[in-house]
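Per-chain numbering from 1; labels A, B, C and D assigned in written order.
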C-alpha cells in the first residue's frame, strides 16, 4: 500500500496502449508492404479504380468480420455470419420483392432478422450453455436451409425496388468529390466499424464484451447478469450481419440463397489477422478492418498478377501465416 | 497433517469416472435415439446394407475427427484436416500411379507426408507462436493449392494399382462372416481410434496432450519441453489425416485434388458433439467416434426419409444443437 | 401402386439454378409418368465422396431406377455395380460414367457448347484481340470442359485472339465479380469475357457494371433472370444455354422406360443453343431458358 | 430471539455435499455488527465453502441462513450483494484484460445516457477508494500487468467499494507483505467502527490477536467451537484446528563448513528487474530470500530456472557451469522451482492429483514405446498424499476441486517426487494451514539434511527466520546483503537491508 512502488505510474497503460498501438501499426505495416509489393509487381495494381475495387471487395467481409470480432472478444466464435448474411438478404428480398414493402422497411426487416437470429445463437450459448462453436455451427446449417426454403431455392431479384442496388453501389462521396467515387458499401462498412468501435470502447455493452472474454466467472461473481449481456452481444453481431446481408444483396441486386458458406472462415481470419485473440478479452475493430483489407488486397493483387489459381491459394495461406508471424514476433520484441 | 480423514472414501472415483461414463453414455443415448427414430420412420433405414453404408460414410470423417480430437485436447484447433487428407491422397497417387511404386510404399508416403505437414503446423504453433487457428488455416490453404499443383488439377486414378481400392472397399470381416460385409475402411477407422485412445490414455504423449490443454505454462515450468511434445502431437494428427487420405482415395479409387474443403468443420463438429471441450484439456476418442456416427446417421437417415434437401440442412443444424444440449443439461444434473 | 415407383436422382449440385431447372424437368416427368422422385446433390462439385454417400442412401430405399450425374466418372462404379446386380437400371445425366452400366446418358456436349461460345466471341470482336475466362470450377467436369472447349477453340481457330487469363470464382456471384474486376484492372485493353456458368456470368456482368467498363463483349452460360435481363439490356452479348429442364425430363423418362424393360437410346443429347437479344423470345429458346 | 435480532448473520446446521465430499456437516456461524469474527481451520476444513454459501455462490443442502433476523436463501452473488454481503474470494477472480478501475466497478459502472460509460468518473471514484486505502495504484493500469499482491489489493478495494454490511475476507493476506497487512488492518478497524461485520479467514495465526474479536474453528467440515480471541492462547486454537498439539521446533543452523557449493549464481541481470545478482548455496543448506513485494526474488528464481530469458549471468551447478535456456534444462541440471502462483504456473487444474504430482517426472514412469506405468504413478502419488496429508477423496480427483491449501501441497509433492538436488520454493506455504506449515518446515529441513540444496523465498519474515540457515535480502532487483541465520539476525536487520536502496531508487524513479 504505502510501499506500493511507483513503478506502475511511469507506464500508465503500458501493457495495452503501447503494444496495442504497435500491434495495429504492425498489421498496418503488413498491409502497406503488400500494397507496395503488388504496385511494383504490376503497374496496373495501383489505380484509383482498383483501389476502390479492393475497398468494395472488403465491404461485405469487413462487416461480417466486425460482427465476428464482437463475438470473439467475448471468448466465443461465430460460424454463422456467412449464412446469416444470406438469410437476411433473403428476408429483405421477401419484404421488398414478394411483399412489396417500402425500401426502409425491407432494410429494417433484414437487420431485425439478423438481430433475432443472433439472439437465438446468444440464447443457445448463454442460457443453454451450448459451446459457441456448436451453437453457431447449428445456426449456420439452420439458416442455410431456411434461406433456401424461404426463397424457394431461387434468387430473389430487387428489380422492383429502384434504388436498392444504390445502397451498396451508389456513391454519395462520389457525388461530392467526383474524382473519388467510393461506393456507399464502403461508407457503410466504415460507419458500422465506427459504431462498433464506439460501442466497444465507450458503452457498458462494450465493457462487458471484454469482461466476459477476460473472465466470465469473475463477472458473474460480481453480480452481473452475464447471460443477458452475452445475448445482447450476439444479437448486436447478428444485426451487423443483417447489414452485411443488405450490402451483398444490393451489390448483386438479388438475394442469392445458396451463397455464404465459407464466408465465416474468411471473416474470422480477418479478425485474427487483425490481432484479436481467439481466447477472448482483447481485440480491436481497427485491427479487424486492417485484417479484412489485407485479405482483400492479397486476393485482388494475386488476381491482377494473374497468378495461377492453385498458386494463389498457396501464396494466400503462406502470407496469412507470415503476416501473423511478423505481428507475433514484433509484439514479443516490444514486450 | 495426520489423516486424510474419511471424507467419502466410500465413493472413490466419484467425481470423475461416473460423470465421464455418463457423458459417453449420453452421447450414446442420442445416437440410439436417432437410430430408433429413423427405424420407426422408415422401414428401409434399418437394413444391414444401410447400416454398413452409414459406417462407411463415418470412416473418413471419423478418422479426421480423431486427428482433430488430438489437436483440440491440446487446446488448439486443426482446420487443415480436410485438405491435408486430400494432399496425402494426391501424394499416394503420385507415388503409386505416376511413379509406379509398390502399394505399401505409396501408403507409407501418404502417411509420412501427413505427419510432415502436421509437423509444419506444429512448428508454426509451438515455435513461431502462431495461433493454431491461423497456422492451420494457412496450412489448409497451402495444402489445398499444393494438391492442385502436384496433381495438375486432375484426379489421379489408381487403376494401375490393383488392390488399392480394396484398402477401403474390401471387407476382411466379410470374408470371415459373409453376412457382415463391414468394409475395411470401417475396420481401419476403429483401429485408428483404438490406437489413438491407447496413446491418449496410456502414453506420455497422451498425458502431455491433456496437460498442454489444461495449463501449458505449468507444464513448461515442470521442465517439460512443451514445444517438442506439441509438435509431436500435431505430427501424429497429421499422420492420421494421411490415413484418412488413403481411405478416401481408396474409396474413390482416385485422388480428387479439389476435395476436402469444409470437411474440417464436420470433423470438429463430431469432436465437440462427442463431448470434447474446445478449450482443451479434456476429451475422449470414444466420444468423437459417437459424434461422427451421430452426424453420419443423421445425414443418412434424413436422406432415406427423402426429406427435401433444404430441410435436411435445417434439421441437421437443429439436431446438432439439441444433441449437445441434452448432453450439457444432463452433465450439469449429474454434477 | 404408382406411388411406389421410386426413382432417386443424385445430382452434382442442388442449389444452383441450373440444377433447380433440371429438378423441375424431372418433377414434370415424374408427374406425367406417375412416379416419385427425389433430387439431391452435394454443396459443391468437389464433394465426390459425399455424392457417393447420397447414392448409398438412395439405394437403401429400394429404388426402381436411379438417375445419376457423376462428379467423378469412376468413383461410384462399385455402388453402381451393386445397383446393377439388384437389377436397378441407372440413367446417367449431365455427364457420363466410365462404365457400361448406365443404360442411357442424357447430357449436353459442354466442349462443343463452349466452342460455340468461342466462335461467337471471335466473331463479335472481329477475330483478334484479348479475351479472358471467368470459370466456375477448376476441377469439375463441366468446369474443365467449358474452359477447355473455349480456350482450345480459340487456340486452334483464331490465332489472333489471345486468352490472357482463366480465373475461377467458384460460381459464387460475389467472388466472380471481384475476379472480373481484377482481370479488367490487369487487362484494360480486354475485348471480351466468357463466364462459364450462371454465377460466373452474372459476376462478369456485375464487375463490368461496377467498374463502368464499356465496349466489352460478354458471353455467358446457362440462363436465369439476371442473365436474361443483361442480354435484353445489351450488357451481355449472348449466352449458351443447355436444356436443363429437358435433361431432367429425359432422365426420368428414360428411367421409367428402362424400368419397364423398354429400349432406351444409349445417348440422349438434349442439345444446346446460343441465344442473344435477337432470339431470346423465340419459343424454341424461351422453352429451354429458366428464370 | 432478542440476540438473533442483533445478529447480522446467523447460520445454523449448514450442510453441503459435493460429489464424493461431504464438505459441511451441520456447521454454525454467526456475526455481529462491528465485529471481526475469524474463521479458522485446516486446509479443506470447509471455510471457503461456508462463505460461498453465505454469499450466494453455492446453495446449501440443509440448515438455516438468517440475515438481520430474516431467513434468506441467496441464489446468486447479486442477491447476496443486495442483502449487504460482500466477499473477497480466496482465489483471485479478476478480469486481466480490464483496467483496475474497470474491474472494481464491473456491474456498477458510472453511466451517462444511452448506456455510455463515464470513464472519468470511474477512474476518479477508484482513485478515491485508493486514497482511503492509502494505496498508490493507477486506476488505469491493466490488472493483468500487476503483481499478485497488487491484484489482491484490487480485490480488497473492490469489496470495499460495495459498502457491504457483511464483508467476508477469505485469506486476504496470503499474498501480502507485512506493511500491506498493517494497512489492511487499519481499513478493517475503520470498517469495524462503522459497524460492518467482518468474517476473516487466514492461516496466519499471529493476525488473530491483532484483529479478531471472536474465533470459530472448523475441522473436517464440522463446527468445533467459538472462542474469544483475546482470552484464548494461540496454541489452544491450533489444537482445536488440528486436533492435537503442534510443537514449533527451534531452528538449528547446521555447520556446513567445507560442504560442497552446489549452486553458484554470478552476475545475473535481467532488464530492469534484476541487477547483478550473485550468491551461492551449499549442499545441505537452506538459503532464505527476503524482501519487499517487487524486490525481484521471484525474478531471480525464474531466471535461474530458465522460465524467463536472462540478459547475462552464469549459473554453476556442483561447480560446473550449466547453460539453462528453458525449465527443461534446469530440471535436467537437477533444479526444481515451485512457483508462487500455483493456479497459473503450478498446476494443470483440470487434471487429476496423481498426474499433477507426476507432471515433472513423467520420464521416470515411461516404459518402452512411451507407455506410462499408471500403477506406479498412483503408488508414488499416494505416498505423497499420505506424507503431506493432502485432503482428497482419491488420487484421481481433479485438482481444481481441492481446497486451496491442498492444491499447494500437490505442487510441493510434484517437486518432491522429481527428487531434484536443488529446490527453489517460492512462497511454499502460501495458503497452507498451521499444522501443515510446520510439517512442511520439517520436510524442508529433512530434505536439507539429506543433502539437498534449498532456496526458500517468502514474504513472511517469521517463516524466513524460522527456516533459513542464511538469509539473502533483496531490494529493487539487487541483492543488498546476506545475513546469517539463527538468533544473531533480527527482523530489523532484514528490513534494514530490504529497504536499503528504496531511498536511492525513489530519486531515480522520479527523475525518469
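We take it that a contact is a pair of C-beta atoms (placed from the backbone, for glycine too) under 8 Å apart; a residue touches a chain by one contact, two chains touch by 3 or more.
Keep in mind that this is a model prediction, so the values were computed, not measured.
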Which of A-C and B-D has more C-beta contact pairs: B-D
Chain centre separation (chain B, chain D; CA means) in Å: 42
Centre-of-Cα separation between chain C and chain A, whole angstrom: 34
Interchain centroid distance [CA atoms averaged], chain C/chain D, Å: 71
Multi-partner residues of chain D (each touching 2 or more other chains): none
Of all residues in chain C, the ones touching two or more other chains: 14, 43, 138
Multi-chain contact sites of chain A, meaning residues that touch two or more partners: 148, 153, 261, 309-310
Set of all touching chain pairs, with the criterion as stated earlier: A-B, A-C, A-D, B-C, B-D
Touching residues on chain B, where the partner in the complex is chain D: 1-5, 7-9, 11-19, 202-205, 207-208, 210-211, 213-215, 217-225, 281-282, 335
Partner chain B, residues of chain D touching it in the complex: 18-22, 44, 220-221, 242-244, 305, 307, 326-328, 330-332, 336-337, 339, 344-352, 355, 359-360, 362-363, 366, 369-372, 374, 385-386, 388-394, 396-398, 401, 414, 418, 435-436, 439
Touch list for chain D against partner chain A, complex: 57, 76-78, 81, 89, 93-99, 102, 106-107, 109, 111, 114-117, 119, 133-138, 140-142, 144-146, 150, 153, 158, 177, 179-180, 183-184, 292-294, 506, 509-510, 512
Touch list for chain C against partner chain B, complex: 8, 14, 38-41, 43, 46-49, 52-54, 56-62, 72, 74-75, 77-78, 137-140
Residue numbers on chain B that touch chain C, as the complex places them: 42, 44-45, 47, 49-50, 53, 56-57, 60, 148, 153-155, 157, 159, 165, 169, 248, 251-254, 256-262, 299-300, 303-304, 306, 309
